[in-house]
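Below, each structure is written out as structure tokens.
One chain, subunit A, appears in both complexes that follow, with subunit B as partner in the first and subunit C in the second.
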Partner chain A sequence: MIEANTPVLRLVRTFWPLVVLSVGLLIIVVIIDLSGDIILAQTLIEGLVRVVIVAALYLFIGNSGIISFGHIGFMMIGAYATAWQTCCPYTRDMFMPGLPTYLLNNTHHFIPAILLAGLLAAVVALITGYAIMRLSGIAASIGTFALMMVFYSVYLRWSTWTSGASSVIGLPTTTTVWVGYVYAVIAITAAFLYSRSRWGLALRSSRDDEVAARAAGVNVFGQRLLAFVVSAFFCGMAGGLFGHFLGMLTVDSFHLKMTFITLSMLVLGGMQSLTGAVVGVVVLTVVIDVLRRLETGVGDFSIPTSSAEVFVGVVIILILIFRQSGITGNAEVYWPFKPDISAAAAMKRQS
Partner chain B sequence: MDWPYIFQTAISALSFGSFYALGALGIGLLFSVLRLINFAHGDFITIGGYALIVPSSAVVATLSIGGFHPALLAICIIVLVTVVALLSYFVVFQHVQNSSPATMMIVSFALGYVLQNVIVMIYEGRPKAVNLFPELTGPIQIADGVSVPLLQLVIIAVTWLLLIALVLFFRRTAAGVQMRAAAEDFRMARMLGVRGKRLIALAFILSGSLAGIMSLLFVTQKGVLMYNMGLSIMLFFFIATVIGGMGSLIGAVVGGYAVGIASVVLSAVLPEDVRPFRDACVFLIVIIILLWRPQGLVLTKAARERV
Partner chain C sequence: MSELANGNGLTLEARQVSVRFEGLTAVDSVDETLHQGEILGLIGPNGAGKTTLVNAMTGFQLPAAGEVLLGEKDISKLTPHWIRRHGVARTFQAGRLFREMPVSENVEVAAVSLGLSRRKAHAHAMELLEWLGLADQAEMPAGILPYTDERRVGIARALALSPQFVLLDEPAAGMSDLECDDIMQVVREIPDRFGCGVLLIEHNMRVIMGVCARIHVLDSGKTIARGTPAEVQNDPVVINAYLGHS
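Our next item is the complex of A and B:
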């Protein structure tokens, strides 16, 4: 049996879900990186970007209990904000002629660009959330949905800054497997630390019983707004990663389909657990990839087009009918050793 | 401005409004008894459209049901869409009816996603031209120099007939009264002997037959089938339902007309530079209305959330 009285081990135990998730992702990344399969690596990068999005979704949805349909809008804001700073220095004025001169003539490094993009998304979330976070329940969900539609239709028509219905091409493909992994771990860590913080606790209390939380002195509006802004920040960063993974951006990719896929991942894994968020991304990414390969045909065998989409939809319906708490049952990864070591140690000291 | 132009705009606004009102009613009916925002409603309309043609990947579609005698055609489509709606209740929504409204919203999203992609699977994703009721699509002369599309008048007339029928149903029949009771307080209505499951099934039948009628009107007007055509109009129905106050049927009709008239008037009135942002304006109005009156413009007694 492992003795848990050393400070290091106690630390590991506190951060156990975080450790398991990071190491688990690391193993996947290393295996695929060593295999040298380029197509597999593409799937992996996309999956890692989705880990960032879904972890951010968990940060807000899991802790507040409000299902947000609006976060893909923040992702879009972040994606275009990075493109304004890093995309295609020679053709930028062709795609986005309306940009201010500073942005037209200067190219930022990827890291500050992505941080600024996240910041812009967070500021937009602060302004819009200041209104929408006053709502509760289904009205709040509808509000975030309307918000996503506003962002989408504005960016679609704002063609001097976003190229509108056509696409911006020529972003440097900076998001490699390892860049994706680092950002995924940062996002998971942030979501984990937030949900363990007193703010996360306060927000979860309002999720479980809003009236009681208010009565106990929780500023429900303020806590929701905080989570909304933080998760929008990470969604904005994910947007930047996504743009630099594809090398191009279209407004249409940040609409209902992306909203549905990312929400499905969260629902599948278990809405109220970070482990669930990551597990959902991994499982659904693998399943979609396998089905896509079968659609194009393996040997003589192939399945009809869009089977992957039908399958995802059916799985989500089944999950919501039979197991609303998702694969993980809304629980985090357990500490696999002696159940409660600190308590046991305390008992030993007493006797 | 000359009056024929104003008259034509008014008819156009009314017909858009009528169409949105029908859609909002289809959603409002389900929301009132089940707290379900049915995002698959638009896809029921799409299914009605695709049922007209033979499955194939050709661009110009061959008609199947669409080749029947008009009356038979209408009945077939309406029955088919109603059956699809009813099946969606027994297969899917029945099992999640005790979940939170937001969960049900995701379920309906997923169902719509499945339906759309099943259509892509069978018919392929390209748009298809369909010429349904060509005699309705031409303009009709009403007075000197004033002509309006006949179809717009048909839409308005059909909507008002349906509205009168629905009012009679809700006022005069036992099932209608029970449904109003259930909309006000579902649990209480059940305790007083209303059969909940049967009532919800009835709501799905009404909502489905509205969707069937709408798919006939919509396909006649568009002349083109797209696998995602239902989703785009669904967004407007959804806005109309929210503006009118979810769960209130009068509100749904009012909201539908408000959205239809507003979108026609806004495109006529807005300055040239702002016009592309019309949709954004409409959704902003939705957010503002949500903040101002979270229960919608028309209040129902059941809408107030209790502790």
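Our next item is the complex of A and C:
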């Protein structure tokens, strides 16, 4: 173990998890990019988009301790908002005839479009969070779930803007492996910096003890709202990436299945750790991909369809029963530096 | 120490404060004024309303009647974090540390919430922990501390950025005589070191008599006596409250 005993080493150690996660993802990206395997690359892009979502989920859930079922709603808002600006110049009248003339007649570049889409998701989070972030614990979680259902229903019926129950097709497939990687690193960096900021510290204190946090001067409602808005911004951007990865959008992709998969990734990795968020995405993406391949059959062997969903469900139940702190034990990766003494590990050692 | 004319003379005052829970009157028309630089004891049998009064004075409990004045301002309807940021801090009986966070961060939370950067907050937290003899435990998760140290961390958290008033809820509960002596020493130093007024809830009479210049006695939510330790100790009403009924 390296002892971080000089100012430079201490600085390096502080940002070490960020370095490990960025470089780790880079290695995966480079290997798959060099292999030239197109199907593998598709899985990778989807995985990188999920890194953005799950890092955003960690930012809110990990620091506040409130499980949110609503963030996929923000992803959907971002996905459609990006499509309104960038989508298919010749067919826009067909899929989304209700759009304002300005949007119908102009096509925007992907980067400003995705930023604006994230901003829209953040504004919606600010307004809805202003009500919901006053709640705590399970009440807040149910509130976010209701929010997701509301968004879903509205977008499903709002067919002149969203094509409703059918799909919007013909989005430019801007989200390449490298675009996905850049946004994944941006999201990880933001989540990392946030949780080390004074706001992250204050929010975590409310996760441990809300009453004591108030007594220590923490505006719990305000801190929750801030994290909710920031994480909604990144979920909105993830939506934009997702649409421009698939080249199409359906309201149905932003519902329970996506919510469950992304939350499972966070839970599996360790909800209170950014390392856990990324590890969870990588592990579950690999597992689901392998199971999907087995479902379609390898040689004569195949497993029943939907085995992947069943397997993920079982894994999550086992994790919740036997190891609630996930694969990472809620700790960040510091190897080869000395690890932080995590509270759980220290308590175990004492007893 | 009980001389009131020290410094800027800011006061924290409960004026006719009453708190009711579904018909039960937990605090009944209590008056008290805490001055900066003094240590005021608040005692009474279990269920006398001591903690409830502290809750009412720190924004955790809306009084049914009366006012809580910080200087001239009624703070009884304001939020706990506003009150903390404006100079009234408290500790909790149960410690209520942020168990999964390191000891240093427990104190830093209060410092950053009061406006310090993380770097400055850390330095400030370390100063406080050093004073309390906890510097070596700074990196440990707060959840594994023995409860005597837990109380100290709670006190350090409350004293971050030198509040004008600090309300300590039974800091010595369950401690041995030796440990009590340490806590007494800490409490005694607070007014001079931080320039604040201290309200001390405590069951341990040795601690109360040892550090308080004046004492306020509650029973069933009502004030039954106030005065110096000697006066209160010999007051038949107080003796009756503690021994006479259960």
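The rule is simple: the second predicted complex is superposed on the first by the 324 of 351 C-alpha atoms of A that agree within 3 Å, B and C clash if a C-alpha of one lies under 4 Å from a C-alpha of the other, contacts with A are read in each partner's own complex, and residues count from 1 in each chain.
Keep this in mind: contacts are C-beta pairs under 8 Å (C-beta built on N, C-alpha and C of every residue); 3 or more make two chains touch, one makes a residue touch a chain.
Bear in mind that the values here come from a model prediction, so they are computed numbers and not experimental data.
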| item | value |
| --- | --- |
| Partner contacting more residues of subunit A (subunit B vs subunit C) | B |
| Touched partner set for A:111, first subunit B, second subunit C, both or neither | neither |
| Touching partner for A:211 - first (subunit B), second (subunit C), both, neither | both |
| Touched partner set for A:220, first subunit B, second subunit C, both or neither | second |
| First (subunit B), second (subunit C), both or neither touched by A:94 | neither |
| First (subunit B), second (subunit C), both or neither touched by A:286 | neither |
| Contacts of A:197 with subunit B and subunit C, given as first, second, both or neither | second |
| Touching partner for A:316 - first (subunit B), second (subunit C), both, neither | first |
| Which superposed partner A:31 touches (first subunit B, second subunit C, both, neither) | neither |
| Doubly contacted subunit A residues - partners subunit C and subunit B | 211 |
| Touching residues (chain side subunit A, partner subunit B) in the complex | 66-67, 131-132, 134-139, 141-143, 146-147, 149-150, 153-154, 157, 211, 256, 260, 263-264, 267, 304-307, 309-310, 312-314, 316-317, 320-321, 324 |
| Parts of subunit C lying in touch with subunit A, wherever the complex brings them together | 58-60, 79-81, 84-85, 89-90, 92, 96-101, 105-106, 108-110, 112-114, 116-118, 121, 139-144, 157-158, 160 |
| Complex contacts: residues of subunit A adjacent to subunit C | 196-198, 201-202, 204-205, 207-209, 211-220, 272, 341-344, 346-347, 350 |
| Of all residues in subunit B, those that touch subunit A in their complex | 35, 37, 92, 95-96, 99-103, 105-107, 109-111, 113-114, 116-118, 120-121, 124-125, 231, 235, 239, 242, 246, 276-277, 279-280, 283-284, 286-287, 290-291, 294, 305, 307 |
